[in-house]
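Next, two complexes with chain A in common: one pairs it with chain B, the other with chain C.
On to the complex of A and B.
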């Protein structure tokens, strides 16, 4: 029965510990390796056959264009919307498409719709992996090939509108633009996680809550919010943070806001939302440790 | 790191050590009456389910342990606690000298877990792609990975479908691939929760052979749950049975048979169609001159029975069989339910 020597056991254990030497630099390298392998899996999936490749891309593209076309038509018909000129509306729509594209590229496989994973008991798969949960969540949804259908059209809209508006981007403006896009994406993700974490406590009832909650934001995000009442605007800038997903950051980047620090408001809000999301998710994880998953569905996991 | 590694190394032969482990779940109860709808919503009755009650057990390095019990006995709860997926309410859990929940990352790097019908394979990818994914996530050095891969491919027969999409595999093939995947990082302990559920006879036998081989050649400690008792008997040297959250038996299969009952079947062919009347043996059926009895070998010996038969009729042929382990366990579950 005791057929392994102590030396062999020691050697194996030491080897295993060496593998998990999570110094910051190793952590970063590990993150890069994880993104790379997820990118590889996504490429393998996309290149199974040409029909899949083309139809998937085309349908994704149609969906994303359809999401912003209504607002674009309104701007075309009325030569702008409220105080926004046509090119400014296009800039905001390009911004919105880019934010959506980033979410779909980085957080596929139901990471963005986290309540599905939690509600279906699929977190167990993450917990048996030898790295922190945040690392798995940050990398496992990376789909650079199949998820990026709205990044290029979004960038094209930004480029076209920027040219028409004669924007002269400086390095600091570009940095602030990138920071705002990342912040808007963070707010969208945090909002999905805040609601999605309810699935830790009510897995069956809230399985779809992430997609419903974020769907609401994604539907409203391409609309300019100028002219709304103070009460309504306050709601859309706090509890339902639609305003920070495209409208306010676009205003700030286009210089329509008079406040000098307006470009930093969206990143600040993103920090607040992400702190709340992390706190709620951690509470949920603790509850999960006590109760575990009472149900398991394989649907949507790694497929 | 070097220093940490050496201090953390467990020199004990005991690899799993559970002491006084308790786990309770709460289930909401709802009555079916319409008049209770409001109270069901506002103040539902809660039933306390003791999934584990003061469970204490130790498993030594290199053991193959069968962990069995009726549905709801606490098997999966134990495996989940051992896999770091669940925290006990009280008691201590040490596996390989670590607390599975508090030291999860280091811990899961040293264990392997396979849950029946919960595949780790990427569904729309070739099996090979998931193995590559595992190499990166577990940070397995390339040379070690190649060696492990060759071993699992060879022993589990993965060569034929290694480049097929996971969704196109049969359940047996998928389970074998899952088993191979769980072993790539060379775990010291393997937890198998009903690994052969839904798998056909041949695939099951191949998997069992593999588990035996793994334990024999690599000294991997194996803890497995299953409802198939003959499968467990083939594989495990030790059986732990749980009933309603408590350990009801811990020992080998021979002891289990002896302790609870050593029931056997006796087939007698006599020169008469009337069955002989035997004390301490129960007639099951008669078919012409052939009569089937059951008896407890702990109560009455075969020679004593034959003496009784010879006194009544002439014996032409005698056959005895031990009842299957499944029947022993079924009797046992019945006893527990009463």
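On to the complex of A and C.
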């Protein structure tokens, strides 16, 4: 006789497998369900210990604000920086915080620092899930409540600067703004994955490479890059795409760029970076399929 | 006896220095970030201060030297690298209590070892490359250099006490990373390592100048660039060191029995 609980698991597994082959709409529904589950877990984590949650949240809030305070102080003291007026600098910093916040909200639990998961052999946890890897990576890091400590102050800075600058956003401007924010976040994530994928081949040596690489971008992203030489700026717009995380898109959205298509440059670069990231990650997955991980321990810690 | 103690700590420092490449293979990436950051900061200053003469007693040349030296001596001014955070996180701090050496001094030796490596492979090359950055880092006089060295030593004393106090708070609150991240953020902001305190708006710089964090970076940098009164700054550093070290000791005495080693 077949075990009834096993039958239920089998049925669920089959259902999930079917979903993978379903129409795009069903995949989207499945994504929404997974986000809902993660959101619920985040809410549970938050409400089970308010003291701990508030400690973490207040700390995150403080850290995110502190990351942009230096440039904000400079803008206040000198009434702007170079060609940037004070509210324009604030807009750029709000943009930077929002991009950072999106990363923390959508790609927490070491999805953003993917080399940690790969280096520790924890990708196996993702591979046994009854849905595709991309779906797991897109949903497992969703932390809408605890991860929002950067989104809220970022939005407030954008609102404040938008009011002072008397921005009168049209629908198309808002669309372009959202597109640019999403593109900057994609570039940040892709950069982390491009470097992080090295952990497929060198798990121990590069376990922390994602955090180092993205830390590099996040540290530099609040600074206006106008005064840099052409060679330096070219490097920061290609190999190390710091310029696209806040500086250039903010310039484009505020009309500081003369080129008519400037608002579309960041999304184009995001598309290029994401293609490279997906390709490298897939190569890494192939290698992982042959070698697996020697560092996995059943209780979750690495060797 | 003294030589045996020194030798133990020397060996610890040496192990840390030589093990740095193996333990932190990404150190070159970190150095790249630091150089990039200093280039961006210097271009920022050139954008803000060019053709402005002296602002709050600071010229462009002074600020460039200030920024450059802050990066060269960043390890010493931040006073990080003791490994205390990791030791608390992965539980290895329990072993430190069993070793035949003081717990604090083990961390300090480890920190000096790390500093030695970075000083050799980052700070000295950066100092030698200073002309490429358009910065003249030569001190104005031997006395200014002597006062800077004295102030830097006191900055390390204050920074070490703060490191130990934060370590104690980690044990008390069981929150490792958050507290250390806050420590880094607070230190960067309040110490004047990123921006000279004189440029802080709303008179904040004057207030922050009295806090212990300013003794970690702003004081030696102001002494070197001759933009502050050395007597006042060094006295303040001595006072903070004298106040903070007993607090660190008391906190660790209370803490010792509360230490829980979970492993990481």
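Quick note on the criterion: the second predicted complex is superposed on the first by the 275 of 303 C-alpha atoms of A that agree within 3 Å, B and C clash if a C-alpha of one lies under 4 Å from a C-alpha of the other, contacts with A are read in each partner's own complex, and residues count from 1 in each chain.
By our rule, a contact is a pair of C-beta atoms (placed from the backbone, for glycine too) under 8 Å apart; a residue touches a chain by one contact, two chains touch by 3 or more.
Just so it is clear, the structure is predicted and the values come from calculations on it, not from any experiment.
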item: Chain B versus chain C as contact partner of A:25, first or second or both or neither; value: neither
item: Chain B versus chain C as contact partner of A:132, first or second or both or neither; value: first
item: Which superposed partner A:290 touches (first chain B, second chain C, both, neither); value: first
item: Chain B versus chain C as contact partner of A:171, first or second or both or neither; value: neither
item: Touched partner set for A:44, first chain B, second chain C, both or neither; value: first
item: Which superposed partner A:232 touches (first chain B, second chain C, both, neither); value: second
item: Touch count on chain A, higher of chain B and chain C; value: B
item: First (chain B), second (chain C), both or neither touched by A:124; value: first
item: Contacts on chain A seen with chain B and repeated with chain C across the two complexes; value: 301
item: Sites on chain C touched by chain A in the complex; value: 25-26, 29-30, 32-33, 36-37, 39-41, 43-44, 46-48, 173, 175, 178-179, 181-182, 185-186, 188-189, 194-195, 199-202, 204, 263-264
item: Touching residues (chain side chain A, partner chain B) in the complex; value: 1-4, 6, 9-10, 12-22, 30, 33-34, 36-37, 40-41, 44-45, 48, 124-125, 127-132, 289-292, 296, 298, 301-303
item: For the chain A and chain C complex, residues of the former touching the latter; value: 55-56, 59, 62-63, 66-67, 69-70, 73-74, 76-78, 81-82, 205-206, 208-209, 212-213, 215-216, 219-220, 223-228, 232, 236, 240, 301
item: Residue ranges of chain B touching chain A (in the complex, touch as defined); value: 1, 4-6, 8-11, 13, 25, 60-63, 77, 80, 83-87, 89, 96, 101, 104-106, 108-110, 113, 115, 117-126, 129, 132-133, 136-141, 144, 167, 185-186, 188, 216, 218-219, 237
